[in-house]
Amino acid sequence: MALDETAHGVYVIAPTPFHPDGRVDEASTDRMTDFYLEAGCDGITALGVMGEAPKLDGAEALDVATRIIRRAGRAPVIIGVSAPGFAAMRALARGVMEVGAAGVMIAPPNTLRTDDQIVAYYAQAAEAIGSDVPFVVQDFPAQFSVVMTPAVIRRIVMANPNCVMVKHEDWPGLEKITALRGFEADGSMRHVSILCGNGGLFLDFEVERGADGAMTGYAFPDMLVDLVRLSREGQRDAAHDLFDAHLPLIRYEQQMGGIGLAVRKYVLARRGIIASDAQRKPGSALSARAKAEVEYLLSRVARFDKRALKLAA
Amino acid sequence: MALDETAHGVYVIAPTPFHPDGRVDEASTDRMTDFYLEAGCDGITALGVMGEAPKLDGAEALDVATRIIRRAGRAPVIIGVSAPGFAAMRALARGVMEVGAAGVMIAPPNTLRTDDQIVAYYAQAAEAIGSDVPFVVQDFPAQFSVVMTPAVIRRIVMANPNCVMVKHEDWPGLEKITALRGFEADGSMRHVSILCGNGGLFLDFEVERGADGAMTGYAFPDMLVDLVRLSREGQRDAAHDLFDAHLPLIRYEQQMGGIGLAVRKYVLARRGIIASDAQRKPGSALSARAKAEVEYLLSRVARFDKRALKLAA
Amino acid sequence: MALDETAHGVYVIAPTPFHPDGRVDEASTDRMTDFYLEAGCDGITALGVMGEAPKLDGAEALDVATRIIRRAGRAPVIIGVSAPGFAAMRALARGVMEVGAAGVMIAPPNTLRTDDQIVAYYAQAAEAIGSDVPFVVQDFPAQFSVVMTPAVIRRIVMANPNCVMVKHEDWPGLEKITALRGFEADGSMRHVSILCGNGGLFLDFEVERGADGAMTGYAFPDMLVDLVRLSREGQRDAAHDLFDAHLPLIRYEQQMGGIGLAVRKYVLARRGIIASDAQRKPGSALSARAKAEVEYLLSRVARFDKRALKLAA
Amino acid sequence: MALDETAHGVYVIAPTPFHPDGRVDEASTDRMTDFYLEAGCDGITALGVMGEAPKLDGAEALDVATRIIRRAGRAPVIIGVSAPGFAAMRALARGVMEVGAAGVMIAPPNTLRTDDQIVAYYAQAAEAIGSDVPFVVQDFPAQFSVVMTPAVIRRIVMANPNCVMVKHEDWPGLEKITALRGFEADGSMRHVSILCGNGGLFLDFEVERGADGAMTGYAFPDMLVDLVRLSREGQRDAAHDLFDAHLPLIRYEQQMGGIGLAVRKYVLARRGIIASDAQRKPGSALSARAKAEVEYLLSRVARFDKRALKLAA
C-alpha cells in the first residue's frame, strides 16, 4: 500500500528498542508496533532522527525496518532513509520498499543554503530512490539548519510527483501551513499531506491551520489520535483541554541532545510498551532528578487522562 | 545600586514601545516601567534581544535606557550592551552606568567556537566595560550558536570578579543549573545569580533546580512573580497549577523571528500597558489568524487567572 | 562624486592605522591615503572587515572616514556601513555621505538563509540608507555564511537602483562572474561594477572573466593596479608573470582570524606607509617565526618586483 | 603494516575513478595506485572527502578500498571511515583492516561545538573501531565547522593510544603546527605524525614548521614528494622555487563544492593516470572556460617542471 497525498491522522515516530547491552530488542519492537496500531495510529515512521538510526549498521537498519513493516501488516510504514550520499539512500530505500514500506522520508543535509541547492538536492534524491517510491520532505530547520520557504516546498512538490507529504517541523510554523494550504487553494500547488512534528508542541493549532495530523513520537500517541479526531470533529475546546493537560509533559520532552528521547523511552517503558529505556551508545540517560520530574509530570497528567493514571499508580 | 550575585526574583525583559510611525513611545515606556514594578518585578532588563535594540541608533539606545533607569528609581535596571565591537560596547556600558544602571548584559558573538575563544571574549569584554561594571553572561545557544559548558561558565565567573549573573537560556538546561550549583557546593565556583530566560518555558522546574528566578519577557510578569514566590515557599503543586494554566500561551510566545515579540507586544497592548504593538521596521506583525489564536489562549488562561480574564472580557 | 556602475580598476581596502597604544594614527592615515592614490588606485574603501571597524566607536568611525575622504580629494571613497541594525547603518551612511563619501558597502548579517531573506534584507537596507546613496553588495560567503546565487544578486540589483557594485568574494567564484556578465548580455540584468576581493587570490583570472578590477587590501596595491592594466591591455602572460611573482605572499596573507591583517599591516609598515603594525585590542600579532616567513617571501618577491626589493634591502 | 606515529612523507589523497556512466573504473584505480607509488608517495589515503565516498554504497566502498590496498602491496593505505553513526564507522573500519589497511581516518561531525564534545566524540569513535585500529584525526574546520584547539588535539592524542596522526588542514594553521610540536618538546604530548592537507596551499612553510609531510590530492603528487624531500634536505630555496612554480595551479585547485575535485580529475586524466575525469552524480564538471584556464596554468607550470610539459605538449 503506497503512501499518497491523502495520508492523515497520526503517523507515530517509533524509537528503536534496545536491550541494556545494546542489542536490538525484537520482542519490544513487536509489542511497540502492536501498541501503536491498537492506540489508533494510522501509520508508523521508523528510523527517523529519534530512531537512533545512525547507530545501526546497514543490515540492522534493514532488519528493524522489515520487522516493523511486517508486524504492522496493512498499516503504512514510512522509513527514514536520509544518508550522507545517494548510494546509501538508494540502497536503503529500495530495500525497505521491497519488504513492503509505504514510503520513505528524506531530510536535507545541513550544508544546503540557497533555494536552488535545496530544490536540486530533492531532485537528485528523487532520482536516486526511483520515481516509484513515494517520499516525505522533512522540514526541520532547528535540527538540520536548512530553511525552506513555502515557495521552495512548492517547487519540490511540483518537480517531483513522488513527493506526497511534508513532515512539518519548522518553528514558528503556523503561517507556513497556512501558506502551503493557500498555494493549494490558488491552484499553484497540488495537494500534499502535511503531518506535524516538533514533538507536538504546536499540534493543537497546527491541525486548526490545515495540517492533516501528526508525525511525532510523543509517548502518548493515543492522546495525539484523540486530539486529531476531536479537532476534526470541531470539538475545539475539548481538543485543547486534552492537549493542555499533556502540554507540560510534551514540553518536557522537547529537549535536544538525546534528553527528549530519554524521556520518551522512559515513559514508554513505564507504560510497559518497551522493556528498557536503554539507548545504544553513545546515548544519554535521565538523571534521578529528571526521572522524578517526569514522574511528577505523569502524576499531574493522570489527573485528567487516566492513561497516565494507570501507570502512575 | 550595583547588581550583585544575590539578585533574585523576576527581572523582566522590557520591549521597546514604539508608536505606529516608528518613533519611540515615551509615555508607554513610563507606563510599562511602572507596571513592571507594581507587578512585583525585582528588576528590569532593557535593550536585550527582545528590545529591538539594533533598530535604535546610539543616542536613542541611551535615551531609552536612561528613561527606564530613572523611572525605575531604586529598582535595579540591567542594560544589554552586546555589540559587534568593544568600542561600542564600552561606550554604551559607560553611558548607562553613569545614568544609574545596575549592570549590563553581554551576549557572545556567534563566531565563537572553542572554549578558549569564549573565555577570552568575556575577558576582553570585561576589560572593555571596566572592572567596576557588574555584568551578566547571556547563555543562549539557540539564538547565538555559542555553546558554553558548565566548566566554561565557571572559568568566566572565576576569571572576572564583575561577572555576577548568568542569564540561563540553554535548552535543555535543567542539568546545567544542577551542575553550576554543584560547582558552588563543591567550592570550585563562587556563587552567581542564575535567572532563566527561554520565554519561561521550563521555569517551573528551573527554580526547583536552584535558579534564582526569571529574566524573560512573558507578557504576564506578575504570574512569573507569583510562580517564583510559590516555588520558594515550597508550594510546589500551586506553583505548577499556575504555571500550567499559562503554559499554552507561554508556549505560543516561543516563536523565533519576531513572532514571539509580536505576541508579547500584542498582549501587553491588550492589557493596556503599552499603547501599540508596533515594531519598528523591519518588524513582524501578527496575522488576523494569529491574533484570534492569542485571544483564544487568553480566554483559556482567564479561566484560571483573573489577570487574563479582565482584558479578555 | 557619486559611485556608479562604471567604477573599475583598484579600490584598495584600507586598514585603520593605530598607534601601539591603541589610538588612531592620523599621520599614518594621511600618508597611507596619499600612497594609495600615488600608487594608481582608482578609489579607496575604508571601514571594511579588514578596517577593524567594530573596534571603533561611532564618533571614531566617522572621524576616520572623514579624514580619508577629505584627504583623497576627488578620488572616490567607499565606506563600509554594515551594522547589526538599520538605525546605526543609516546614521553612519548619512554621516559619511555628508562629508563626501562616494558610496557605502553593505554586508549581509550571518543569520540570513533563504533567497527571499537576502533580497528582503537589501531592500530594507536600501530604504534605510536612502535611495540617493549608492551601495555595494558584499558577497563573501566564507566570512558571512550567506550564500547568494547569481539570480539572487540579480534580484537585488534589479530591485534597488542605487545598487551599483558587487564586491565579489565568493569562492569559488569564477563561474559566478561569468554568470553575472551573462545576465547583462542577455538583457536580464543591468550592468553593475564587479570588483574582486578574497585577497586577490584569483584576481588573475577574475579580470579575464569580466570583473572590472579589485577591491582588496593586499599590501602591494601598486601591483594590483599593474595587473588590472596589463590584463585590460591584453598582455596576458605579463599579467600572470607579475601575479605569480606575488602569489606566494598573496597566499600567505590569506589567513583568517586577524593573521592576514597582521601580515598586511606588517608589510605596509615595512614599506614605510604606516608607522606601526599595531592592531587595536583584541588583535593578533605575528610571531617572530611568522615575521621571518614574511621577510623571506618579500625577498623572493623582490627578485621579480623591485618594489619589494627596496624595502627588503 | 600498521600505521604509527613515525609516518612521514606524502600520503596522497586518492580520488575514486569512475567511468562516464557512473561505474567504478577498476583499471584506472589500479593504474592510479601504481602511479602514486612510482611517483614516490609513501602511502595512499582513500575514501576521503575528495574520494566521493558518500556516493558509494557500503559494498562499493569496501571494494574500492580493498582494490587499492591490495594493489599497493606493502605501501600503507589509510581509509576514510567517517560516518553519521558509529555502527557504520565500525563496520567499514573492521572491514578494511581485515583486508590490510594500515589505519583509518575520522572526521568530526559538524554538530560538535565544545571542547568536551569533540574529545568525547573521538573517545567514542576510538572505542567503536577498536583499540587495535590506528586512526588519524582530520582537523579541517573550513569543511566540518569544528574548531579544535591545540589543547583539544592533545587531549585526543593522550586519551587514545591508537591516535597516531593528525591530518592538519586548519587555516590558518602554521602556529598550530608550532604549538603541537611545542607540546611534544615540553613533554606534555607524545609524538604524532602531522601530515598537511588543505590542497597543499601552505605546504612550503608547513614542513618548515615541523609537519612530517603532506596528505593531499594535488594532481602532481610527484612534486609534493620532491618538495618534502628538498625541505628535509635543507634546500629551502629549491623547495620554494618548485612550490612557487606549481602554486598558481595549487591555488586553482583550491575551490570548494566539487570544482577542485573536477580540476584534479581533469589533470589526472590529462596526465594519463585515470581514463576519465567523470564524477559520479551529483557531481560537477569544468566549463570549457575553466578547462582552458587549467590548460593555460599547466603550460605555465611546464616552463619550470617538465612533468607538466610532457602532457601540455
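Labels A, B, C and D are assigned to the chains in the order they are written; within every chain, residues are numbered from 1.
As a convention for this text, contacts are C-beta pairs under 8 Å (C-beta built on N, C-alpha and C of every residue); 3 or more make two chains touch, one makes a residue touch a chain.
For clarity, every value in this text was computed on a predicted model and none was experimentally measured.
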Exercise. Given the touch definition stated above, what is the smallest step count connecting chain B to chain D?
Worked result: 1
Exercise. Which chains are shared contacts of chain A and chain B?
Worked result: C, D
Seminar exercise, completed: Comparing which residue numbers chain A and chain D contribute to their contact, where sharing over half means same and under half means different, the two sides are same
For this session: Determine, using the mean of C-alpha atoms as each chain's centre, which chain is farthest from chain C.
Result: A
Problem set entry | chain A and chain D, separation of their C-alpha mean positions in angstrom | 39
For this session: With chain centres taken as the means of their Cα atoms, state the distance from chain A to chain C in Å.
Result: 48
For this session: Just give me the whole-number Å value for how far the CA centre of chain C lies from that of chain D.
Result: 33
For this session: Indicate the residues of chain A shared as contacts by at least two other chains.
Result: none
Problem set entry | In the complex with chain C, residue positions of chain A that touch it | 113-117, 146-149, 151-152
Exercise. What residues of chain A sit close enough to touch chain D in their complex?
Worked result: 53-58, 60, 83-88, 90-91, 110, 120, 124, 281-282
Seminar exercise, completed: Listed in rising order, the residues of chain B that touch chain A in the complex are 142, 171-172, 174-175, 178, 201-202, 204-205, 208-209, 240, 243-244, 247-248, 251-252, 255-257, 259-260, 287, 289-290, 293, 300
